[in-house]
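Following this line, the structures themselves.
In the two complexes that follow, chain A is the common piece, with chain B as its partner first and chain C second.
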Partner chain A sequence: MAEARKDSPIDLAEDNRGELLADVERGLYDFKDEERDEDFYKVDEGLTEDIVRRISEEKHDPDWMLDFRLKSLKIYNELEIPDWGPPIDGLDMQHIVTYVKPKTGMKASWDEVPEDIKNAFEKLGIPQAEREALAGVGAQYDSELVYHNVRKDVEAQGVVYTDMESALTGEYEEMVRSHFMKLVPPTDHKFAALHGAVWSGGSFVYAPPGTKVEIPLQSYFRLNAPGAGQFEHTLIIIDEGADVHFIEGCSAPKYNVANLHAGCVELFVGKNAHLRYSTIENWSKNMYNLNTKRAICEEGGTIEWISGSFGSHVSYLYPTSVLKGDHSHGEFTGVTFAGKGQNLDTGAKMIHIGKNTSSFIDTKSICKSGGISTYRSSVEIRKQAEGSKASINCGSLMLDSESRSDTVPAMDIRTDKADVGHEAKIGRISDEAVFYMMSRGVSEAEARAMIVSGFANPVSKELPLEYAAEMNNLIKLEMEMG
Partner chain B sequence: MADNILKIQGLHAGIEGEEILHGLDLEIAAGETHVLMGPNGAGKSTLGNVIMGSPVYNVSAGSVIFDGEDITKDSVDVRAKKGLFLSFQNPLEVPGLSMEAFLRNAIRERTGKPVKVFAFKKKIEETCRLLDMDPSYVERDLNVGFSGGEKKKAEIFQLLILEPKLAILDETDSGLDVDAVRTVSKGVDIFKQNGGSLLIITHSTRILDALKVDKTHVLVNGKIVKHGDSSLVDEINTGGFAKYTEG
Partner chain C sequence: MSEIRVNPLSVLTWNKLNFNYAKMSVDEGLKAEDGPRENNLPGGVSFKGALDEAAYRNWLAENGIEYVSEAVVAGKFPMPDEQAFPTGMGAEADKLFLDNNVPAILYEVTESIERPLRFDYSYGDGDKVLENMIIHVRRGCSFTLILNISGETGSGCVGHSLKLYLEEDAKCTLVRLQMLPKSFMYFEDCGARLENRAELKYISLQLGSAKTYLGAFFDQWGYASKLWSGLGYIGLKDHFLDHNYVDCFRGKKTVGVMRFNGVLMENAVKVSRETLDFRQYCTGADGDEEEDLLVLGEDCVNKANPLILGEEEDVSGRHAVSVGRLSQDMLFYMQTRGIDEIKAQELMVRSRVMQLASQIPDDELKKNVERYLDRLYCDRVAECTAPCK
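The block that comes next holds the complex of A and B.
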């Protein structure tokens, strides 16, 4: 982000305190509140073993997966819901089963899709047939061909790209078994446990040593599969020296009848391997997006997260990079746009374990029409991680005075031999810049949209062209909405 | 086209609680080049901003007629679409937005039609050549990290791309090195050759040397105290504004 200067389109207030807010960090994933309140949540009314067994049966799980689900269920029932982030009271935890019942809502028709989602599709110019498929309500849409073409191309290089269900019972079962929820254990937090119990759908990728996948792998089509996209599990294993770019989701709004999304992403980056994981999420505005994403890097490995968070009512999203190997590197570039009725709590977490590891966080958050955008991050440099470097740069842009932007950066540095930099800026669009742009013939709305798109440009420029274009469209749509 | 590209009548304007322009009249015939001079604080930049429609200023009385139409109540972008252009004294920076993308959007909004990519590219290239500017200019973020001279050159570049009817140049020549003055003069000259009208707000005369000035106006304390021809520029260069500010 540019320096705060007088002639910038964004009036910036600097906040370079760089305080150590270790206390906040503790709350990030620690949900183990020992205090039990009997009235708070009754297991009987919620998710039962019976339901989990049924899900497992319908999915033809191997036995170990059924065991895993049941263990997760037990953990789920023991954990409390988080109380440190945006309120999730609207989520009916008493009837959590209504969210996880297989095929819930898949009978819904296009008519039931909310107007704003329909309009968004309309404006994005996505054809009707595809729209219905994206909304998860059109079973007739045939994406198979596209999917198979992508797969063939990738297979030729020895890379495995398949759905989780196939991976679970095929020749990669052992690999799945030894990695599945090892990085994000069900004990991590209540919704990770829920995920472990009822997960369904998602992608499995294995890139053998030295493979380089030129085109990005996209999970776009797979998420249309019935039952997927809500508790989907993504497991990606990049072997030594391999290089992959994976794109999750789609920039077009996804619509699910159920309004809870608790997906899980686990990324294993091998020695000197490179993985870029890009996401543009635009859930419908009633969604509770409680997603957990984590990567672990071996020696010399690199993980790059590119993340765009647009939709949802409430989001908790903090992709984590565990820099385990020496000289491993983690990067997070993200933009979050919180509009009316949205409370988006997003950020990143970097854990430096290996020596000479480095991390870089660059986030932009935008809020408008009363939206709340909170940037929450945690950088942890362990004692043995000597010679490590971490840099955090977070910028917020508030588009009006009713919106709110908070920055909660936590740092826990256990060695003197580390270099940590933090910079936070909060700004508003300057009227002078809008006047300047309007004097060239652009409308006020367009001028503002251009300033906001420019602000988000560090993210969009990292995306493939069509995604970047759609992200800019999304920004424009959000700007137009009241 | 109206005989007058700009006609200002009895204009009173200012910021809240403070009137800066106290009943100002000004006429510019189509195709003419006018110079507005005046001491610091006379209201020169205010006038430029008020003509463009800056929301910072209130117009309490009078009118601005542009090309035969009363634009006093028009929004800034509507005025721009009608063919008005203001070159800023301090052009603003927009990170993440290239000048090329900005101009493409501006043209699309001005014409209401998608921009023809090839023709647009060609025009960009030609204009770069005419102004002897490095084409990489247009790919850089709008004014971000530009030197003072580069910013002024970029303003003139935009002027030639957008082809307005009347350009108000607010201190476009101040603080420029010789090279930038040459580029700006050249650009202004091309604009004039193509039939553009000009209101040049300045306290220096460097870019005026090469231009044929039709009329000169002296603004003091929010009022035009003297209208004259190009010889008035020389007179002020020699005698300053003292004659007009005293008494």
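The block that comes next holds the complex of A and C.
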């Protein structure tokens, strides 16, 4: 059995209820670090052209990027807020600080990272995870990366894993320029445009043809400042035949003002390449998580999304796979747990363009204590995508009648040479199952937690062990909280 | 020609997908149906008059049907579609009848009637007709109604709206069979309210009309009320079919089953919205919905949005969709037995349609459906290969 990370919420040794409660102390995510003005640079609240110019100047953007930001701002001002999803009335852009930069450069050694920031990541177990299980780590604090490192053997293969700013101004500028927001254009929706205007931070990965990174790369995003927004951009390009697993984690302390996350992930999967993108999202419950993730696969390419959504006050999150190349394949496996005060609208989109493409969506939604969980998806099979197959499976588990669970899947099929199957179920925890476990000495609360963990098993089994354990602990934590 | 919004999705989704509602163009000069009324009604069924808007509201009040605002559907999204008696096509369809001064014809069923009551509607070239009915089935009564809608040739526009109120322990089988000529535009709307232990079997078979809009809203208010609904259709060349079926569970231990069985050929387009909506306090409710679609044309478009909405924990809801073509294995098997591809298709289409048609409690209409299929395949064989036998 693997050893648990110190200071992490994971206890693999004993699944004992008494210890469990201690192990999942919410403070592990909710701790706040006071940000002294002298240590941080902030722009004013709100969103104006002047603010966008200041961010660009602060980041030493090339001219084309400044132009891009200003065009995005214009599009943002022209687009309407979506009328179909959870309400976001509590989000007032006039009170969001779009850029908060720690006054430290990006470091390649944890020893050089300022003590208070390093402590935050220590509490989250990132340095230890890096030593034990990761090929490279990027750690973002508010709007900028404060740490980035990649293992030498991975670097020796030619794999590039760096922060977006370095990629933008260094030798990969052309590669970035030809891919940046090409998959998620600012015109896509209002918050994609917002991202285009104020993005900062994030990671750039390039895997050359044929490379195989055996252990995952990870980026961790921590938003510490109250009333701030985080707009990191992740750009991953996996060249022909390469294989990468990328893990993204995120958390924030809870404040009584709204925070905003409007990141963007663009994944380019080359011919016969394979990319697995795993996310455990545990934003605090004052967060508006309006994130956009999209992948495009060339011939024979495979994209796998593994997603656990536990945090946020409101989420709009629908990772999209564009299966452009013939025989390309997309998979989405996700679990969403909506507790008190949460309205999580999550799901996936699959767009079949190439011939003989295939996709598989398997999601589990859980809601409790008044939480609202919506599974929303679309599967589109274009006319030319002959021989395509799609399968969608979504299950919802309601743990009480204060909560709400909806499934809203859409299908648009434009060829007769496709096979599509869809199945959805909604239900509750069976009394018989709880009774059976209680008759074997398990308490009712534990039995219910175990059943919910089992329900989410399709996701946890796809994660590396430590992350699966973290996810199970988050589920148990949510089950314990009223 | 005017355009109205019909078939609103129970909760909104991405606007780009064009699922949130359908736009329906309707002709000017629509007139009220002057077809079957009080004549030839069996004992136990009475014609209670033509209700204008005020009389309709009185009827709602007299029967204790409180106005339930659907402005906020299940506490989630603001919806534009408020109706006193919800129907699948929504408020603008109701308004269309009002704007064209088409009253609601009220029939009341006060005794159980064994023999099905059948209303035949036959339309001709240039007909532009609206029919608006309310059927009120009194406590403990059972009743079967068949609406047979057909026409020989020509073009026109036909719209039928039906509100069905089943009191406690009432049972009703309702069949709607549509075999209009291709150049007719047709829409049918339904709102049904089921009180305690009421049971409704609702069959809709759509074989004609190149432009068809269908809506049904089954409001299961009563304890242990039961619904079985089946929709069958064939989409031929240039056909467009848009439907919105909602089963709303409000009473405890309510049971709802919805089946959708269709065939699309050539370049037919189908848009479907199918919702199981579990409202709070419907403990023990059980909803099951299944769509099975056979696609036989390379230019067909199939759009589906099957929803499950849940605000009650103690329910069981299931939805399944299967979209496919004739499997190569099956074709091969049939060919080894001397059945060519067109014949194999015909067998599959016939089996799907007749599966639902066989439940129509009227032998003459079943034969009409068979004849319709004979004609259809006669034409197709003539187009594709050899002279018709």
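To be clear about the criterion, the second predicted complex is superposed on the first by the 358 of 482 C-alpha atoms of A that agree within 3 Å, B and C clash if a C-alpha of one lies under 4 Å from a C-alpha of the other, contacts with A are read in each partner's own complex, and residues count from 1 in each chain.
The rule is short, and it goes like this: a contact is a pair of C-beta atoms (placed from the backbone, for glycine too) under 8 Å apart; a residue touches a chain by one contact, two chains touch by 3 or more.
The model shown is predicted, which means the values in this text are computed figures rather than measured ones.
Once the two complexes are overlaid on the shared chain, A:436 sits against chain B while remaining clear of chain C. By the touch criterion defined above, A:261 lies against neither chain B nor chain C after alignment on the C-alpha atoms of chain A. By the touch criterion stated above, A:382 is placed in contact with neither chain B nor chain C. Once the two complexes are laid over each other on the shared chain, residue contacts for A:415 go to chain C alone; chain B is not touched.
Legend: residue contacts after superposition of the two complexes on their common chain; A:69 is shown touching neither chain B nor chain C. Within the superposed three-chain model, A:59 lies out of touch with both chain B and chain C [touch as defined at top]. Contacts of A:456 after superposition on the shared chain: chain B is touched, whereas chain C is not.
Overlap of the chain B and chain C interfaces on chain A comprises no residues. Taken together, the chain A residues at the contact with chain C in this complex read 83-84, 372, 376, 378, 383, 396, 398-401, 403-428. By the touch criterion given at the top, residues 52, 54-56, 75-77, 79-81, 85-86, 88, 90-97, 102-103, 105-107, 109-110, 141, 143-144, 158, 162 of chain B touch chain A in their complex. Interface residues of chain A, counted against chain B in their complex, comprise 1-2, 5-10, 430-433, 435-444, 446-447, 450-451, 453-458. The part of chain C that touches chain A in the complex is made up of residues 11-15, 17, 19-20, 74-77, 264, 278, 280-281, 283, 295-325.
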